[in-house]
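Two complexes follow with chain A in common, the first pairing it with chain B and the second with chain C.
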Partner chain A sequence: MKYDPACNSNAHLVSRRSMLGNMVAGAAGVGALGQLIHPLVAREIEAKNKQVLIFLLNGGLSQFESFDPKPNTDTGGPFRSIPTAVPGTHFCELMPYTAQIADKLAVVRSVYAERVPGSHGGAREYVVTGRPPQQGPYPWIGPVYSRLLAANEDLPGNIHITPSRWGPRQDAAFLGPRHASLVLSGGKPPLNVDRPDLFNEELDDTRYRLRQLADQRFSQRRRTAYTEAYQSSYDQAAQLIRQKELFDVTKESEKDQLRYGSHDMGRHCLLARRLLQKGVTCVKVTHNNYDSHMENFNFHLEQLGEFDQPFATLMQDLKESGQLDHTLVMLVTEFGRTPVIQPDNGRDHYQDSWSVVLGGCGIQTGGVLGATNDNGTEIANRPVHVGEMFHTYMQAVGLDPTATHLVGGNNVPIGAPERSAVKELLI
Partner chain B sequence: MTRSRAFLIVAIVVASTQSVSVRADDVPLNQLIDRHINATLAEQKLSAAEPAADAEFMRRVYLDLTGTIPGAKTARAFLKDSDTKKRTKLIVRLLASKDYATHMATEFDVLLMERRPDKYVTTPEWRTFLAESFGANKPLNVLVAEILGADGVDEKLRPAAKFYLDRAVAKDLLVRDIGRLFLGVDLQCAQCHDHPEIDDYLHQYYHGLSVFVAGSKTFKQPDGKFVLQEVVMREVEFASVFEPDKTNKTGPRLLNVLMEVPEVKEGEEYVEKPSRTVRSVPKFSLRKLLSERLPSKETPEFARAMANRLWAMLMGRGIVHPLDMHHSDNPPSHPELLNDLATRLSSSKYDVKAFLRELTLSASYQRSSFIPDGIDPETLPASSFAVANMKGLSPEQLFESLLVATQASAVLEHQIDEALSEEATEGAAKAAEKPDSKKPAAEEPDAEKIVEARRAKRAARVAEFVTMFGSVPGQPEGNFAASLPQALFLANSETVSGWVPAKLSNLTEQLTGLDDSTKIADELYLSVLSRMPDEAERTLVKEHLEAGKADRPKAVAAVVWSLLASAEFRLNH
Partner chain C sequence: MAAEEIEPKYVPKPDGADPVATRLVAELKHDRGILACKYDPANQFLFAGARDYFVHRWDLGKEPVLEPPADPKKKPRYPPVPTAPADSRLEMAEHQSWVGGVSLFSDGDRMATGDFVGQLIVWIDRAGTPKPLFSFEAHKGSIRKVAVSPDGKLVASVGNDGAVRVWQTDAAGKLHQEMLGHDCHVYHVAFHPDGKSLVSADLKGVVKHWDVESGKLVREIDASLLHTYSVKYEVDVGGIRGMTFNADGSLLACAGATGEDKGIAHSGDARVLLFDWESGGLLKALRHEKKEVCTAWGVQFHPDGFIIASGGSRTGGFLWFWKPEEEVAFHRLKFRQRAPGFDVDLAPDRKTLAVADHDGTVRLYEMAAEENVETPEESVKT
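So, the complex of A and B:
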């Protein structure tokens, strides 16, 4: 009898449940977490002040219509390819602005992963955790950066700008909710950031102070892991409420608002720039609607038409302000799309090969790594596994992906131990 | 405080260690529990916490048995009561209450469905079924048999089919969840090979369990209702990924017990043969076999897993922990205790109320969460049960308790009615925009519809709490966790902050009307924290109200909120 394995690994490094079970205070905030997850000493110190900007193109960006065009082939589709700032490297014509900054990018055209259960969700998790989802839950990359890089206690370490309605997710897994993404749905400030009419700023301070006094009394002679985590969540809340303008993109100059564009992606990219400038460690921007099972070409025309300019503008701005030197930029998607074009002009999911783009801190830019064959049906040169990419994302900002998180007595490797970073991509 | 406040058990236990081995059947379970726990404490030379004070016990037992804190009046009456048997009486009263049934329904819904979205059976139907079962104290094995044997056809038992139907009768998911929830074993990693780390979890256990459900799938009846159907299945073939050429076979199996499947003549296997239009029904149903054999004495793992789960619900940690990791490399913290709990559960015909009564009567349950003076908390692991383990309130417990504490039921009703009338106005405006719409003019909604609309709106408010404080769908609830969005929600959300300001005779309004700051402090602490304040706390309230006398309702609201948002309120301690 055939079965669809929910577990295709032969080496469970850490069983999900035993890990959760041991997580006495997976919840714990700063204080208790410090005891649970030991710091990665050497490399972490030099990694401080590094920042990360992640673009997640949701649904599965077509490599053909973006970074690995195959014009005039049976699989290439209707679009032409155009030259870029890197001689000899061509992008699809849907990305004219990005083509002009290709020298600030490293394009990997040969990324692959095994098929995993859970369609988009599973594949996405593979990309952002470096582990097949059925071994999880592992922390997503944003929470990992928040845990290992965030130096500024006053700011959330990991902010997710998304066009969709997106409730709180436990994307920090065993790193605890302290590092979970703070979600800005529709680029708006986080939910419940406005204090109720009843309390002005002064009375707000009073009620938080009274709350803290109550907790101090309660935690005398009681186990403190929970109370510390709880206190920390209110400290963060109080700080955030005072810094609401952090999320207000209209505080940016009108000129910049025009340059980035008035559509959502433009506003979200400008908001990302603002957050990075204010010192937020990791900012993720999601752009939706790449799942083009039908009308792949129209969809990409529309979506990349929105994405291309603000992305390139943001890269340019980060370069000019010098921030790119300490900011890693990643452009990822859960998988690529099939070479085969369906009768209704669609392309389906493809995990045999797709493209990922990096830039900024620690990255060897201005080149292409790996290649697919003439019509993009398979990898011709230097296959790169998503797990290797995860290691690379860590190493680029000076973190050691072979070090471990210590979770309830278990050492959990930061990157999948059977993988390693892609040296060709790193400076 | 002196060391004498620590309850040293060594002396007491010399006698009881001996009696543990006697284990007379007539010893009440609550005493048996204490003997086992105390014997281990003595053996490990650990000090236990003192007995919980009345207030601490009362709040805990209310939350554990009814899902909410007691109201101020009830709390005051209990604290004043001088009856020496008042704890026992309270336990008996709570177990007989309607709130007990509702709370257990919520707990078991979350346990069995793990907050999956509704598919074919709605949550209200399912919770009603569970509440009726727990209210009538239906034996737990009977309830589980109804769930595992359900086909969704019989109207009365249809809600029980939610376990299968709302998992879309997906085989691998069912195998994993039946194993985890009813047998205490997570066999997921044994799907493709023997478990790489756990010697007890064999590849054939996974597939043996899968035989029971492999022939089942959904069937859409002509009336549109989805039910279960089953095709004949006797065994499955499987091969380890390490030896793909070596095919193995197994029949239906509950761990190491292989079940017989009666021979049926070829051509006579079915009551209803499989076809597109008719629900296929075999003469011999493997699902029925599962429902008869799993929740029974023949499968001792069932009673152990259930006893351990009920224990963990109240004690904040399983005797085997994690709860679905029963195997020889993860031994129980108190092996004899688990044996006794399982034996008593099954020999009492799976009487859940009796089981919970004994548990809550035990001194082990009724311990304080205060660490004994001078003792390092690190030396008292959660598995020792030397100190009461603190638990976070579940989203539902938090919702109900906030409502009880703020005495804001009327405010909530007002919020709900406002939302409904807003919707009605919007609806009317939309209808007015389309004058040619064929719909008849808005009718007066009947009473039943209004009740239902209010119920749904209230459920939506609870759902807000679930999204904010609960686990993600398909995952078991984890330990207490605190996050920034949660803090923002409790501080600023319309739902919660609507209950705090003085309105419609809620707590803040009542307190604002009192003249004496001591009275205010007493009523406040009793209402929110179910205990009386100490002198320092009374002084704190007095000083705060003094400083905020310019706007007294606001000053009262601030201090009410500070206690609602305190760890003491957020935790069951």
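So, the complex of A and C:
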């Protein structure tokens, strides 16, 4: 089978990252290779030290219960709004800690998208690729950052901290599995990261060098995309084994572990800080259970109660360490939730308007862009399309979203060509 | 051959209620979902909490009227129902969030209400010009329910902070007892008719029996059938949504939903658990004959001996009727509107039910056949 970087066949569905995630030696199904893709754009030198922290509030965060509260209206929930660090800007009372760091954030209250097939999956893909899923597959934003920003070859460029039972996603598309997310399910290190007792470090190095020699000899006559993927997988796996402490959040001080909280979201935020400090280019943290068709208020109370403090703590730490100066922070969700309160005290999916929050490098913080009407049923001011947000995410870290990837001889624009960045959000 | 005699599912007592004949008789309209409703023992008023910042009082003495149809040429799907006139509703302002807890004192003068930001208000002159006697922050976060003791000297409140607090009713914030021990949101509270015991019920289906005087935990009753832990989503789902004693305090009913792990977007199946108060043992898990994917939100004992629950989901709302000795409902009434009834209360006449509906209406149902008229089409006998 010939190498086709844009192919979406099942043969490519075993990603290199999923292999790395399990530390399993064997790359029989490994497909497209990032190394063979040459973007037309030169990597922006100044972008090389940029990092990205993405929070995905999975299921569809309610804008009413977070960044665009409408208390005492027919659509507002039972919760009050509270003042924030930005005079005149109010958040829902479920986010008291985030309200205190509102000056480090830019809130966009007028994001929208067309309805797309695939419910959550489709909408999520729209948000993280800037393109409707039916046009794809396009690489998700993490792999794009890994491809265009990652400077340290010894580290995974794109790590995804997820709730338990999340597996790897095929999120790199034509960028190749090299840039697909390394998934840390439940915030735990990759499986089998410990060297077998059978080998000490010296013996293992010897074994590794022998394998390299065999690979090189084989590759001299039979070099293909697959052999490169195979070799690259081993190389990165070996690096991860050497750096297994990278994933060990218990190495952080007890004081910090207490500050972030002992629940999963607290641990995951602390792990994100650790990964960023160690130089990982893009870290994504997914927080679950916002798909509140039923009991919207109970679930948002629970979930935001978990999310709020560690998120604000992490933002504060990044600010104090100076990392926020070169780290873009994105807080995204696949869509908002309906103004109408449904019979089961729930809110359904809503793509007509929702909120996205940015912070860190390249972003004009301390303000709100866009507005919804009095009861949040429609955008009243400055609609912002998800495609425009994708361009903004690129431009904030110094990347040119109008540049292209070279895929199989074709130029593929990084961002949807019909869209452009939201200038009001950028410094 | 003689015709086969069909045994009626329920035989009304002389001059008693006939639940099988239950029919909609009036609508008390508002524009926000109704969360709780309580009849005034004098049958003069109906009080309700809703998804707004008011306590609502309807004057039941003002005769409901039949409004002309919006489109006279269009045949209505259902026969028209009289509606309470707009001036029959009084808005009592003071709360700062939705009002989910409403409980009346038996003195005819006072009432207690609690809102979703933890404020508890004791009102006076409820039948005249209601005004707060006092208000205070009783809980951090939402108050889910309040309950006034039979002698009116105490009011209990429960909420999202996991606490059960019993307050004296002669002044603001005078704590009689604080009962701690729930490890999750507490959804419901009720005084035993003897006034000496209090039960509180939570998200995980734990019912705690407290001694009112000492504040000590007496025992726990297991209603965890009404709770599901979603392994996939790692969250607790369900909980005890309605809870009440029968008049002599020998039975305790807990309403909610049970079922398999369906994640966070779907309810389990409606259930009412019936407990023997003395032993704490489960007597029956009351259900509909078919799977009813929804939640039972409100529950009441009728003096004639049957049990009534209201509930539903987005697919429909229902009233269910059970005999305590039978697990399967002998009758179910499906609402006209696709909306659950979040609460149900029995009128002092013992024949009328008020249901607090999601769609912003309190609906009154009469448990008696209309003279010379057949059972309405929406009444589905089981």
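The rule is short, and it goes like this: the second predicted complex is superposed on the first by the 383 of 427 C-alpha atoms of A that agree within 3 Å, B and C clash if a C-alpha of one lies under 4 Å from a C-alpha of the other, contacts with A are read in each partner's own complex, and residues count from 1 in each chain.
The rule we apply is simple: a contact is a pair of C-beta atoms (placed from the backbone, for glycine too) under 8 Å apart; a residue touches a chain by one contact, two chains touch by 3 or more.
Remember, it's a predicted structure, so these values are computed and weren't measured experimentally.
**Q** Scan A:Ile427 for contacts with chain B and chain C and give back first, second, both or neither.
**A** Neither partner.
**Q** Specify the partner with more touching residues on chain A, choosing between chain B and chain C.
**A** B
**Q** State whether A:Glu295 touches chain B only (first), chain C only (second), both chains, or neither.
**A** second
**Q** Does chain B (first) or chain C (second) touch A:Ala180, or do both, or does neither?
**A** Only chain B is touched by A:Ala180; chain C is not.
**Q** So, A:Asp74: does it touch chain B (first), chain C (second), both, or neither?
**A** After superposing on A, A:Asp74 lies in contact with chain C but is clear of chain B.
**Q** First (chain B), second (chain C), both or neither: which does A:Pro196 touch?
**A** In the superposed model, A:Pro196 contacts chain B only, not chain C.
**Q** Within the complex, which stretch of chain A touches chain C?
**A** 59, 71-72, 74, 77-80, 93, 163-165, 288-289, 291-295, 297-299, 301-302, 341-344, 346
**Q** Show which residues of chain B lie in contact with chain A when the two form their complex.
**A** The contact residues of chain B facing chain A are 172, 176, 186, 188-189, 191-193, 196-197, 210, 214, 236-238, 241-242, 321-322, 324-325, 369-371, 373, 377, 382, 387, 390, 392, 467-468, 471-472, 475, 478-489, 491-494, 497, 500-501, 536-537, 540, 544, 548, 554, 557-559, 561-563, 565-568, 570-571, 573.
**Q** Please name which positions on chain A make contact with chain B in the complex.
**A** The contact residues of chain A facing chain B are 1, 3-8, 10-12, 15, 17-18, 20-21, 23-27, 29, 134, 156, 167-170, 176-178, 180, 182-183, 190-196, 198-199, 203, 206-208, 210-211, 213-215, 217-219, 221-224, 226-227, 229-234, 236-237, 240-241.
**Q** Going by the contact rule at the top, pick out the chain C residues touching chain A in the complex.
**A** Interface residues on the chain C side: 31-33, 51-53, 96-98, 115-117, 141-142, 160, 185, 232-235, 237, 264-267, 295, 312-314, 317, 338-340, 358-359.
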